[in-house]
Each structure stands twice: as structure tokens, then as C-alpha cells.
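Next come two complexes, and both contain chain A; in the first it sits with chain B, in the second with chain C.
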Partner chain A sequence: MAEIYKLIHPVKYFNDYLSRKIRPDGRAFHEQRNIKLNVNSIKAADASAVVKCGNTTVVCGIKLELATPKAEEPDVGFLVTNVELPPLCSSKYRPGPPTDSAQVTSTLVADIIANSKCIDLKDLSIVHDKLAWVLYCDMVCIDNDGSLVDACIMTLMASLKTLTLPKVTYDPETEEISVDTSVRTKLNVNGLPVATSFALYKHEQSNIVLADPSSYEEEMCGGIGANLITCYNNGILCGSQKFGGCNLSIECEEEALKIAKERAQAVEEVVDVCIKNYELEINK
Partner chain B sequence: MPGPDLLSSQGLRLDGRRPNELRRIQCKLGVFTQPDGSAYLEQGNTKVLAAVYGPHQAAKSKSLQDSVVVNCQYSMATFSTGERKNRPRGDRKSQEMSMHLRQALMAAIKTELYPRSQIDIYVEVLQADGGAYCTSVNAATLALIDAGIPIKAYVIACTASLAWKDGEPEPLVDVSHVEEAAGGVVLTVASMPSTGAIGLIEMSHRLHMDYFDTVLSRAMQGCKDIEVILDKVVREHLAEGWTKSDDAITI
Partner chain C sequence: MGSDNTDLKDFKLRPMKCECNYLSKSDGSAILSQGQTVALVSVNGPLDIKMTNQSIEKATLEVLFSSKGGKPAIGDRYKEHVIRQTCETAILGSLYPRTGITVTIQEMEDYGGFLACCINCTCLALLNAGLSMRHTFAAVACAIDELGDIQLDPAPAQLAAARATMTFVFDSRNKTLVCGFTEGSFSEDAHSEALERCRSASQLVFDFYKDIVSKYSYVIG
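After this line comes the complex of A and B, so read on.
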């Protein structure tokens, strides 16, 4: 019966739930979905992680490559991030070139990582003006059920935290490069940026903030771009985006920032525990 | 024509398997909520996800009056192979794989049941360690079953190769990446083991006619073995589903 009601009166259905201070999936307005994280599940990649926030599932794999640094920045390596939304992840996507939303998400993730300064690109340099690491970080969304950026950042950070770089020796005279995979050093990661998405909905003259929205809620609140995405690293705000959708009031913004800060700590704990367990396992 | 050394003196393969032994198979049906049917399948280190959307209304230009349009897309994650892939899909190899996938699955789907409709089958290879095509076909079959689309029989794909032991030919089933890269013959068969029909057959490298039958029969035996395993999983999955949804039927 509820399914039919949802189809005939989509807006009224959603409003009925909200007026009873509950969301259609049974959560309270500020409640997050469960997070499941697993690292190093793909052996073909140099580092990898799978994260599940509710139903949203993202796989991240990092591949290492060597390259010559740019002439204007001879001491800097490369961090290339890319988010993929294959048609597999939702019925909204069709086969073909990357959709607009995939490209927007890609740049958003790249911006957050650059702004949070969690990776010093100088760490990726090997030999001045000759050799540097390229980190290809590919995130593939295999189930898109809202709050995609949160999941992408989380899986990317978990992979980066487990990444180890093999030792490279470079002979300047012969220009010979030799890679020793048995000696590996951990990549320096400064803090752990955590992104949190919020959907905003205007309901009976009041604005409602929905934390960690599902794709259905995102759609009701004006599409994926209308999310308010805030990002914290080490308790410092390092990014806040909102494109279009419902208007954002100052009170809502403050409310959202408070929730995001709390969530950042919770997510940090999840990632740390997961990596600690993984390290215990490999050292056994 | 002695091929590369694929068998040890004890008659074991590079990864320690016997010649007629499959890699470990692990699978799960209904892994996602968004698609109508989905499956995750692991054969050894090859890991594949498959999702099925449909049957739904087909685009006007594509729709057929008497049968369903099957649309397949095979894609490999950039981090799935040893060398980074630049394009996950759309390159020549992926296009070919999509086509082969479609051909194998069309042989089993009862296409006449859904005129003017379309079924989308999306396959994502997360890690490739030999036999990515076979694993994709098997995963797609499971996803079709999960979506409740009528098929005539299980379509199962399996590879086989040929090695030499003491001068005698010894066919190998379910070839891994190292054996593929060693340069021996690789025969891929997509078949419906319960009817004995072959939907697709493909062979790389050259092979003497005399040995073709032994390799083919080993691949077919591999298909039969895989079918037994997958059938068991499907039955278990369905049994679980019935007990769970019992209380949900209210109308």
C-alpha cells in the first residue's frame, strides 16, 4: 500500500514522514547510516579499500607509476583521482562517456584532497627533475544510494593510509631505474579528511537538515548537486560546497557543521580501527 | 610440439592444482539493492560483479517486435590488472568481450517472452587473474537468475589449456593468468551443460587437430563442474529468500 502511495503522491508521502520527525527509511533526521570498511581486498592494486555506507558501495584501487615531473615543478609528484559511475551502480546512468555528475564528483573529490593538504606532493618526488611517483587513484562506485562523495573520500583515504612505496634507486649516469619491491616505506598522510553530505528540505516554513541522505532523499531535495558537503581534516574545516537546490539558512549551516565535526571523529575511528586490524593481521 | 612447462614432475600445475581441478569458487546473489538482479563471483583471484536491469521498455529505435533487446557492457576496473588500464571500457578488447557476452547469454535467455523490451546486463571486473570472460559469463547468468528472467538453462563458461607430461598430452581446466601468459593454447567455451549445447567457442594460439577433442572435453567437464557449484548456491539463496519473505506477504 505504501509503495502505491509513494508513486501517486511522492511529495505528500515524503512530507508525511517528515512531519512525524522520521525519514522514510526509519532514521532520525541527524542519524547516519552504518559504515563497513575493508582494506586491501584487491591484490592486483598497490592499495585498495571497499566501503559501504548503508547501500552506497565504492571500491578504490591505487596503482603506482613512475614519471618525469613537470619542468616548472621539478620536486612534485602526481596524485590523480578519478571517480567512475558505471551504469551498473544505478538505473539512472546509461552506457557511454562519463556523465556530468561523474565528472563533477571527480573534481569535487580532487579539490577536497588538495584543499585538506593531507598528502604533501613533495613526498612523491624521487629524484629532482628526473623521477616522481604518480598515484592513480580510481574509485568505482558499484552501488549508488546517495552521499557518494562521503564514501569516495573515505575509501580513498583508507587506501592512501595503507599504501606503501617501494624503494627506487636511480643512476644519474646511465639513467637506469631499479625498483626494489621488498623494501617499502609508508606514504606520509597528514590527518584524515572526512566529507559529510546533507540534504536540505523546506518543510512547512522550516528548513530540515537530513544527514547522510539516501539517493531517494537526494532526489526529493533537488538532485545530487543540491547537497551541502562539508569536509573536516583534524578538526579544521577544509571545504564546503552547495550548488543549487533549497536555500541554506545560517542556522542550518551551523547545525550541519556541528554534525559534520562529530561524524569526522567517528569516521576517523572506523578507519583507524580497520587499518589497525589489517596491520595486526599482516604482521602475524 | 612441446608447450611451455606448465606441469611439474609430480603432475601439479604452477599454482599447485591438479590438471582437472578448478579454482575456488565463491559467489553471492542479490548483493545490491538498485538493480533488478545482481551477483558477485570469485573464481580464484578473478573477481567479478554483474548487475541486470530490466526487462524494461526499450528505446523506440532499438525495440524489436518479436523479441527482447539484450544490451551487455563489459568493463574492467583500471586497477584490475598488473599494468594499469587506461580505459575501463570502450576499447577494442572490452567491446569484443561485451559482444561475446551478449552472444553467449542470448543463447539462453527466452527472448520471445518480452517483445519491445530491453534487458541491460552490466559486468564489472574488479580483479582479473585469468578467465575474466568466463567468470563474467557465470556471474551474468547468476544475475539473470536473481532478476527472475526466464532462461533455458545455465550458461557456463570455462577455459582449458594443454600441457605435456612425460610426452603425453594433459589438458588443464580453468586456466589462471600465469598459465595464460606462459603462452600455451587457451580454449574458451561457453555452453549450457544441462543440454550439451555450445553457445560460444574461442581459441587462441595453435593446437594440433588430434588434441582438440581432449581439450574441448576437459573444458566441457569444467563447465559441468561449475554448474553443479552454482546450482547449489542458487538453491540455497532461494531457500533463504522464501523463509525471509514469508511474513512480508500481506496483500
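After this line comes the complex of A and C, so read on.
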């Protein structure tokens, strides 16, 4: 019955739930979905992680490569991030070249990582003007059920935190490169940026902030993806993007920032615990 | 009124110049310069589109951004996304079901605050095309430097020295935030102060819209 009602009166169905102060999936407005995280799940990659927030699942794999740095920036390595949204993850996507939303998500993720300054690209330099690391960070969405950017950032950061760089020796005379994979050093990661998505909905003259929206909620709130994405790193804002949805009032923004701050701590804990467990396991 | 004026004096934007109906074949077009930053926008619609893209509820909005070099880049998709989402909230799309509205933005010169200029120019072109809108919208860019000072509508030199840049888009009715995006890292206080400053400065842009529109229309101007 409820399913038919949802099809015939989609907006009324959604409003009826919201007027009872509950969301269609049974969550309270500010309640977030469970997070499950696993690191180093792909053995072929140099570092990897899988995250599941509710149904949204994203896998990240990092591949290391060596390259010559750009002439204008000889002391800087490369961090290349890419988000893939295959048709597998949602019926919205078709096979073919990357869709607009995949490109927008890629830009958002790359911007957040660059703005948070969590990775100093100078750490990736090996020999001045000759050799630097390239980190290819590929994120593939397996199931897209909203709040995609949150999940992408989380798996990317978990992967980066477990990444170790092998020792490279470079002979300046013969230009010979030798990589010693048995000696590895950890990559320096400064803080842990955490993105939090929100959907904003106008319901009977009041604005409602829905934390961690599902893809159905994002659609009902009229956005392509989430309406508001805020990102914290070490308690400092490093990005706040708002697109579409209802217009954001000052109270709503404060509310959202508060939730984002709390979530940043929660996610940090999840990542730390997961990595600690992983390290205990390999040191056994 | 007097006190309002003195308040606004603190909010200086670079001089804006605009010409509407710049293109002869578009339904609406505008070229806008804010300082040395220049954008050209053409709006066509409501027009016929393919059956597969039609929506029975509202007009389908298509935004195309072409950079000066003409080469498409991933960053351009992001700009299109920002402009599409802004227009989507502003245009009364339900008045034009099963049709399409195309907005084409051409980059002319980028001397800081380019996306804000594009958004303002888009609003003028939409007004010029005579599309029904819920509200007009105005974008204001600002930069926060190392000392925490906020500079509205920054020039390239100020952008280079900035630790964060932000752009906010406001609606004309309640001046609530329609769209906003930031670069760099900053504190919450800096963010809210920048937001308030831009909110006040957006009035200058709305006044400018009024000046421009009243030149060719007595009714809506």
C-alpha cells in the first residue's frame, strides 16, 4: 500500500513522513547511517579501503608510480584522484564516457583533498627535478545511495593513511633507479578531512536539514547529489559547498556545521580504530 | 536610508558594466564585466528538445560552459553544475513543461571572481530573455588573506595572497544563500563573517540589475 502511495503522491508521501519528524527510512532528521570500513582489501593495489555508509559503497585503490616532476614545480609530486560511477552503482548511469555527475564528484573530492592540505605534495618528491611519486587514487562506487562525497573522502583518507612508500635510490650519474620494496616508510598525512553531506528541504515554511541523505532523499530535495557538503580537517573548515535545494538560512547552517563537527570526530574514530586493528593484525 | 548608504560604502565591488541583447540571434543575452573579468551569456528557450530529455513536470535546463581555449575540462563540468543548480532554483520551470532552456556561457577574460561574474551575467541574460523567475540572484566573491582580512571581489593579486576564496549566491527576496562554494581552509567565524559581508554587498549587484533592466523595461525595472 505504502509503495503505491509513494508512486501516486511522491511529494505528499515524503511530506507526511517529515511532518511526523521522521524520514521514510526510519531515521531521525539528524541521524546518520552506520559506517563500515575495511582497509587493505585489495592486495594488488599499494593501498586500498572499502567503506559502506548505509548502502553507499565505495572502493578506493592507490597505485604508485614514478615520474619526472613538472619543470615549473621540481619539488612536487602528484596526487591524482578519480571517481568512477559505473552503471553498476545506480540505474541513473549508462555505460560510456564519465557522466557529468562523476566529473563533478571527482572535482569535489580533488578540491577537498587539495584545500585541506592533508598531503604535502613535497613529501612525494624523491630527487629534485628528476624523480617524484605519482599517487593514482581511483575510487569506484559500487552502490550509490546518496552522500557519495562523504564515502569517497573516507575511503581515500583510510587508504592514504595505510599507504607506505618503498625506498627508492637514484644514481645521478647513470640515472639508474632502484626500488627496494622491503624498506617502506609511511606517508605523512596531516589530519583527516571528513566531508558531511546534507539535504535541505522546505517543509511548511520551515527548513529541514537532513544529515547523510539517501539517494531518494537527495532526489526529493531537488539536487543532483547532496545540497550541502561541509568538510572539516583538524577542526578547521576546509570546504563548504552548497548547490540547489531550498535556500539556506543562518540557523540551518549553524545546525549543519554542528552536525558536521560531531561527525568529523566520529569518523576519525572509525578510521583510527580500523587502522589500529589492521596494524595489530599484520604485526602478529 | 542615510545610514544604509554609509554601511554600503564599505562594501566596494569592482565597477560593473553590462550590455544586454549583445547577440542578435539569442532569445536573451548579456555581456558583463566586473573590473577586468568579462563573461558573455546567451539564453535560448523555451525550445523543443528530444523526447528522451523532456520532463513533464518542468523545463529541462541545459548549461554549457566554454572556456577561452575552447578545450573542455573536468573543472568546466563543475562550473556548469554550479550554474545549473543556481538557475534551477531561480527559474519557474513548471511554467514551461516539456521544453528545454539552454544557457551558454563563454569565458572572455578571467581576472579573478570569474564564476561570480558568470552567475551574475547569467541572471541578466535570463532577465533579458524574459523567462519567469522566482527571484533574481547575485553572486559575490571574496578572499580571506593570511591575516584574516576579508577582501570583496578580489583581483588576481589578492587571490594569489589569499588563504581562502569564497563565492556566495543570494536570492533577491530574503537574501538567503542559494549557492555557495569555497576554496582553501578557514575557521567557522571567518566563514560566517565573509557570508554576512557578501550578503550586504549583494545589494549592490541587485541595484545594478535594476539600473540595467530599467533602461529597456519600465514594467519590471
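In the analysis below, the second predicted complex is superposed on the first by the 282 of 284 C-alpha atoms of A that agree within 3 Å, B and C clash if a C-alpha of one lies under 4 Å from a C-alpha of the other, contacts with A are read in each partner's own complex, and residues count from 1 in each chain.
By definition in this document, contacts are C-beta pairs under 8 Å (C-beta built on N, C-alpha and C of every residue); 3 or more make two chains touch, one makes a residue touch a chain.
These figures come from a predicted structure and were not determined experimentally.
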First (chain B), second (chain C), both or neither touched by A:V168: neither
Chain B versus chain C as contact partner of A:I126, first or second or both or neither: neither
Contacts of A:S116 with chain B and chain C, given as first, second, both or neither: second
First, second, both or neither for A:L257, with chain B first and chain C second: second
Partner chain in contact with A:G244 - chain B first, chain C second, else both or neither: second
First (chain B), second (chain C), both or neither touched by A:I22: neither
Touched partner set for A:Q103, first chain B, second chain C, both or neither: second
Partner chain(s) touched by A:G222 [first = chain B, second = chain C, both, neither]: second
For the chain A and chain B complex, residues of the former touching the latter: 1, 42-45, 48, 55, 57, 59, 61-63, 65, 82, 84, 86-91, 95, 136, 138, 140, 142-145
Chain A contact footprint on chain B (complex, rising order): 32-35, 45, 47, 49, 51, 53, 71, 73, 75, 77-82, 84, 88-89, 120, 122-124, 126-129, 251
Residues of chain C touching chain A in the complex: 74-75, 77-78, 80-82, 84-86, 88-89, 171, 174, 176-188, 191-192
Chain C partner contacts - residues on chain A that touch it in the complex: 100, 103-104, 106-108, 111, 115-117, 222-224, 233, 236-245, 247-250, 253, 257
